[in-house]
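See the structures that follow.
Next come two complexes, and both contain chain A; in the first it sits with chain B, in the second with chain C.
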Partner chain A sequence: MKITKSLVIIMLLIAAALLPVVTEAYFISVAITILTFMTLSISWDMMLRTGQLSFGTAGFFGLGGYTGIIAVADFGVDPLVGIILGGLLAGGVSLLLGMAILRLRGLYFAITTMALASVFMVIIRNLNKLTGGPSGKIVYTTLFNYDSVKVYWLMLGITVGTIVVSEVFQRTRVHFAIDSIRADETVAKSHGVNIYKYLIFVFVVTSIIQGVIGSTYALQYGFVYPESSFSAHYLLLPIAMALVGGIYSTIGPVLGAIILGLSSEYLKLIMPYGHLIIYGVIIVVVVLFLPNGVYGAIKDVTGFRKRRLEER
Partner chain B sequence: MESISFMRKHRNLFLLIAVIVVVAIWKPHAAIYGLQRGSLYSLVGLPLSLTLGVVGIMNLAHGDFLSLGIYFVYLFATNLGMDPLVSIIPVFFLLFGLGVVIYKLTITRVMKSGHLNQLLLTFGISMILLEAMNVIWTSRPRSVYVEYSSSSTTIAGVRFGTYELLYVVFAFAVLIALQLFLKKTRLGQATFAVGQNPQGAKIVGINTGFVYLFVFGISIAILGIAAGVMVPRFAIFPSVGSAFTMKSFCLVAMAGLGNLTGILVSGIVLGVGEAIVQSIPGYAGWSDIVFFGVLIAVIMIRSLRRQSL
Partner chain C sequence: MSILKLDKVTKRFGGLVAVDNVSMEIQQGEILGLIGPNGAGKTTLTNLISGVHMVSEGKIIFDGIDITFLPAHKRCNLGIARTFQIARPLKNLTVVENIMVGGLFGNGEKLKESKKSALMLCETIGLEEPDQTLDKITVLDIKKIEIARAMATKPKILFLDEVMSGLNMDETREMIDTVRKIRGTGVTICIIEHVMSVIREITERVIVLDRGTILAEGPYSEVSQQHNVITAYLGEDA
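Up next is the complex of A and B:
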C-alpha cells in the first residue's frame, strides 16, 4: 500500500515536471497560474488548521511582489534573489504583526488581517518614490527573461516545497499542537502547549510562502500595480479552492486548485464575458451540496464502502 | 442618580457630539463632509449589523446588493422617469423579494454549517451578482442627473452641498425606525429575542426560521433606501458598492454585535476622521487608512482590555 502510494506520487511529480515538454505555451501559462493559486490555497489552509481564519493572504502576496520588483528595479539584484527577499520581508512583517494580532481570536482576527492587507495597499499606493504610487512599477529584467518553461519549473518547485512543508506540519508534533489548539484552546494551554509560539510560527511560515509566491508571480511579468497586486482574488480564489477541495488537508487545496483552475480557464474560452458567473455558481453549489469539499466527499464514499465491507 | 445613568447610557452619543463640535471649530468643512459621508456609511452598515447580529451570517455580498439596488434605481429613473428618491419605494420591495428568494434558496441551507461555509456561500453570491451586473450593464459608468442634487448653501462662511444632508436624515430615520421596530412590534421583539438567544427563542415558541428570513430580507431592502439616496451623487458602475462591504464590517466590529446606535456613532466618527485626513494638502491618498487604522486600534485595545480582566 505504502509503496504504491509513493510510486503514484513519484509518477505524478515526473508527469508534472515533464508537462512543458508535451504541451504548448498557452497551457504552461495556465499551469503557472494554477500552481500560484494552489500554493496560496495550501498556505491559507495551513493557517486555518490552527483554527485562525486569515484574510491576509492577498496582503502578503502583494507585499512579496512589491519587494521583489523594488529589489530588482532599485537595487539591481538578480530576480531569484528578489524572490528570496520577498519571502523574507513578508516573513519579517508577519513576525512583527503576528506578535500583536495573534492574541486575537475568531472573527476579530479575520477582520484585522483583512484590514491589515488594505493598510499595506494604502501605504504602498502612497509611497510614490519607492513604489511608483497608484500607477505601479515596471522592471525590465524579469524572471528568466520571460522563459515560461523555467518559470513553470520554479513555480512547481515552490509548490512541491509548500506541499512538503504542509505534510511535515501534518505529520510531526507541530500537527498535534495545531490540532489541539483548534479543537480546544484551553485544554491545549493547560497541557503545556505554547499556543502563542506555535501560532506565530505557523503565521510566519505561511506568510513567507505567500511572499515568495507573490514575488515570483510579479517578477515573472515584471510589473506590480496596487489594485491588481493586492486584488481580493488572491485572497478569495485560494479560499474557494481550499473549500471546494476540502479543508484541513494538503490534498484538498491541491485538488480544488486543479478543479477550479481548469474549469475557470475552460469557461473563459467558451464564454469570454461573464464566465465568473458560472464560477460563482460552482462555489455556491459546492457549498450547498458538498460541504466537506471534493476530497471530503471521496473520503466519505470510500469510508462508507470500507465500513460496508467490514460489516460483511 | 437619574442624570448620571442617562449620561452613561448615551455616553457614545455625547462623545460623538463633542467630536463633531471640536472638529467643526477646527475644520468646518471636514466636519460637515465627514458627518454626511459617515451617515452614508452607517446607513449601509446598519442592515449588515442586523444580519450579523440576528441571523449570524457574514454577508460578503452586502455591497453587491447595494450596487444592484443602485442599478434598479437607475432603471426606474431612465425607463419610467421616476425620481430616485421616489423609486426607493419600489426598489425597497424588489430587494426585499430578492433577499427572501436568495435566503430561501441558499442561506437557509448553511445556517447550521460553520462560519467558513457561510462566508464562501456569500462570496459566491457576491461573485454571481457582480459578474451578472458586469454582463448586463457593462462596466461603463452611468449617472442619473436630478436638479436638486447639486444645490448648496452657505452657513457662517462655509459653503457645502445640501443634498448630502439627506444621508444624515435617512441614516437617523432608518436607525430610529429599526429601534422602534425592535422595541414596539411583536415581530421586532421576536427578532430581538432571536438575536439574544436563538435556542431560548425557539423554546418559547418563536418561529426562528421566519425571523431569519424576514431579517435577511429587510436588511437587503434597507440597502434599497441607501441606493435611492446615493444615485443622484454617485457614478453608477458594477463595483460601486463593493467598497462598502468592508467598511460596513469595520463599523460592526467597532460598534460590537447588535449595537445599532453604535454603528451610527462609529460611522460618523470614521467619516469625520477620513474627511480630516483628506483636508490635509498632499495627504488625501492616506484617507483610506483611517478606517482600517482605527479598526485595528479598536480591536487591539478591546482584546488587551479583555486580557487584563
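Up next is the complex of A and C:
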C-alpha cells in the first residue's frame, strides 16, 4: 500500500515535470496560473487549520511581488534572489504584524487581515519614488527572460515545496498543536500548548510562501501595479479552491485548484462572455452539496466502503 | 509539605467577586476535596490555579515557585494539570491523539514517545479503542479521555473538576478506582465534586467554599456536621 502510494506520487511528479514537453505554450501558461493559485490555496488552508480565518493572502502576495520587482529594478539583483527577498520581506512583515494581531480571534482577526491588504496597497501607492505609485513599476530583466518552460518548472518546485511543508505540518507535533488550538484554546493551553508561539509560526510560514509565490508571479511578467498585485482575486479564488477541494488537508486545495483552474479556462473558451456566472454556480453547487469538498466526499465514500467490507 | 499555596487570592469579574480573599494550602500527596454549593467559586479557583484566568489580587505559589503571573501552558509544564467540568474533548482528533496532546506539549515528549505513553494510559484507564474518533463515544469514555489527557502531562498535582457527575453507580466505582490508582503514582489530587459519597470515600481532607470564601476545613466526617456547612447547602431552616 505504502509502496503503491509513493509510486503514484513519483509518477505524478514526473508527469507534472514533463508537461511542458508534451504541450504547447498556452497550456503551460494555464498550468503556471493553476500552480500559483494552488500554492496560495494551500497556504491559506494551513492558517485555517489553526482556526484563524486569514484574509491577508492577497496582501502578502502583493508585498512579495513589489519586493521582487523593486529588488531587481533598483538594486539590480538576479530575479531568483528577488524571489527569495520577496519571501523574506513578507515573512518579516508578518512576524511584526502577527505579534500584534494574533491576539485577536475569529472575525476580529479576519477583518484585520483583510484591512492589511488595503493598507499595504495604500502605502505602496503613495511611495511614488520606490514603487512607481499608482502607475506601477516595470522591470526589463524578467524571470528566465520570458522562458515559460523554466518558469513553469520553478513554479512547480515552489508548489511541491509548499505541499511538502504542508504535509510536514500535518505529520509532526505542529499538527497536534494547531488542531488542538482550533478545537479548544483553553484545553490546548491547559495542556502545555504555547498558542501564541504556534499561531505566529504558522502565520509567518504561510506569509513567506505567499510572498515567494507573489514575487515569482510578478517577476515572470516583470510588472507590478497596485490594483492588480493586491487584487481580491488572489484572496477569494484560493479560498474558493480550498472550499471546493476540501479544507483542513493538503490534497483538498490541490484538487480544488486543478478543478476550478481547468474549468475556468475551459469555460472561457466555450463562452467568452458570462463564463464567470457558470464558474460561480459551480462553486455554489459544490459548497452546497459537498460541504466537505471533493476530497472530503471521496474520503467519505471510501471510508463507507471500507466499513461495509469490514462488516461483511 | 505543601505543594500549592494560595495567599489571599481574590478574583473579580466586573462587580462580581467570585473568589474572595482565599488562602489555602494543598499538601504533597494528599487527596483534597473541594466542595460547596453551586456558584461557590470552586471552578473559578481551579481556573485561577491552572492559569485559565488570572487573579485580581493575591499570590499563588506552586512547588516553591511564584506562578501568579505565569501563562497557562507554563504552569502545565511545571506540573499542574486539570480536567474540565464540562468535558472538552478535542473533537477533530481521535482518542489516542487527544491524549498525545498532553504528552507532546505538557511533558515535552517526542511524537513516538507520546504515542507510546498515550496508548499505555489508554490501557491503564480502560479506553479500549484508542483509534476511535469522538463522534460515537460514551460519556464515561469522554471523562476518561479528560483524565488521561491530563495525566499525560505527567503532573505533580491534578485537579479533577466534577469527573463523577453524570456517571451511573458502576461507572462511579470504576472512576474512584482510577483516582486511587493515580494517587498511587504519587500525584497530589484536588477533587471537586457534588457527589458526597465519593468525597466521603476518597478524600482525607475537604475545604468547603461558599460565595467565594472558605467556610470550613477538615476531614469530611467533621466538616459535614458543622452547622454553617449544612446551612450553606440546605438553607437556614434545615
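Everything that follows uses one rule, which is that the second predicted complex is superposed on the first by the 312 of 312 C-alpha atoms of A that agree within 3 Å, B and C clash if a C-alpha of one lies under 4 Å from a C-alpha of the other, contacts with A are read in each partner's own complex, and residues count from 1 in each chain.
One rule holds for everything that comes next: contacts are C-beta pairs under 8 Å (C-beta built on N, C-alpha and C of every residue); 3 or more make two chains touch, one makes a residue touch a chain.
Keep in mind that what you see is a predicted model, and the values were worked out from it rather than measured.
**Q** Chain B or chain C: which reaches more residues on chain A?
**A** Partner touching more chain A residues in the overlay: B.
**Q** In the superposed arrangement, which partner chain does A:180 touch: chain B (first), chain C (second), both, or neither?
**A** second
**Q** First (chain B), second (chain C), both or neither: which does A:277 touch?
**A** In the superposed model, A:277 contacts chain B only, not chain C.
**Q** Determine, under the contact definition given at the top, whether A:240 touches first (chain B), second (chain C), both, or neither.
**A** After superposition on chain A, A:240 lies in contact with chain B alone.
**Q** Go through the superposed model and pick first if A:172 touches only chain B, second if only chain C, both, or neither.
**A** In the superposition, A:172 touches chain C alone.
**Q** By the touch definition at the top of the document, which applies to A:189: first (chain B), second (chain C), both, or neither?
**A** second
**Q** Show me the residue ranges of chain A that touch chain C in the complex, using the header's touch definition.
**A** Chain A residues touching chain C: 172-173, 176-177, 179-180, 182-184, 186-195, 248.
**Q** Along chain B, where are the residues that touch chain A in the complex?
**A** 58, 106, 109-110, 113, 115-117, 119-121, 123-128, 130-132, 134-135, 246, 249-250, 253, 285-286, 288-289, 291-293, 295-296, 299-300, 302-304, 307
**Q** Over in the complex, which chain C residues touch chain A? Could you list them?
**A** 50-52, 71-73, 76-77, 81-82, 84, 88, 90-93, 97, 100-102, 104-108, 111, 149-150, 152-153
**Q** Provide the residue numbers of chain A that touch chain B in the complex, in ascending order.
**A** Within the complex, chain A touches chain B at residues 48, 53, 100-101, 103-104, 107-108, 111-112, 114-116, 118-119, 122-123, 125-126, 134, 236, 239-240, 243, 247, 273-274, 276-277, 279-284, 287-288, 291.
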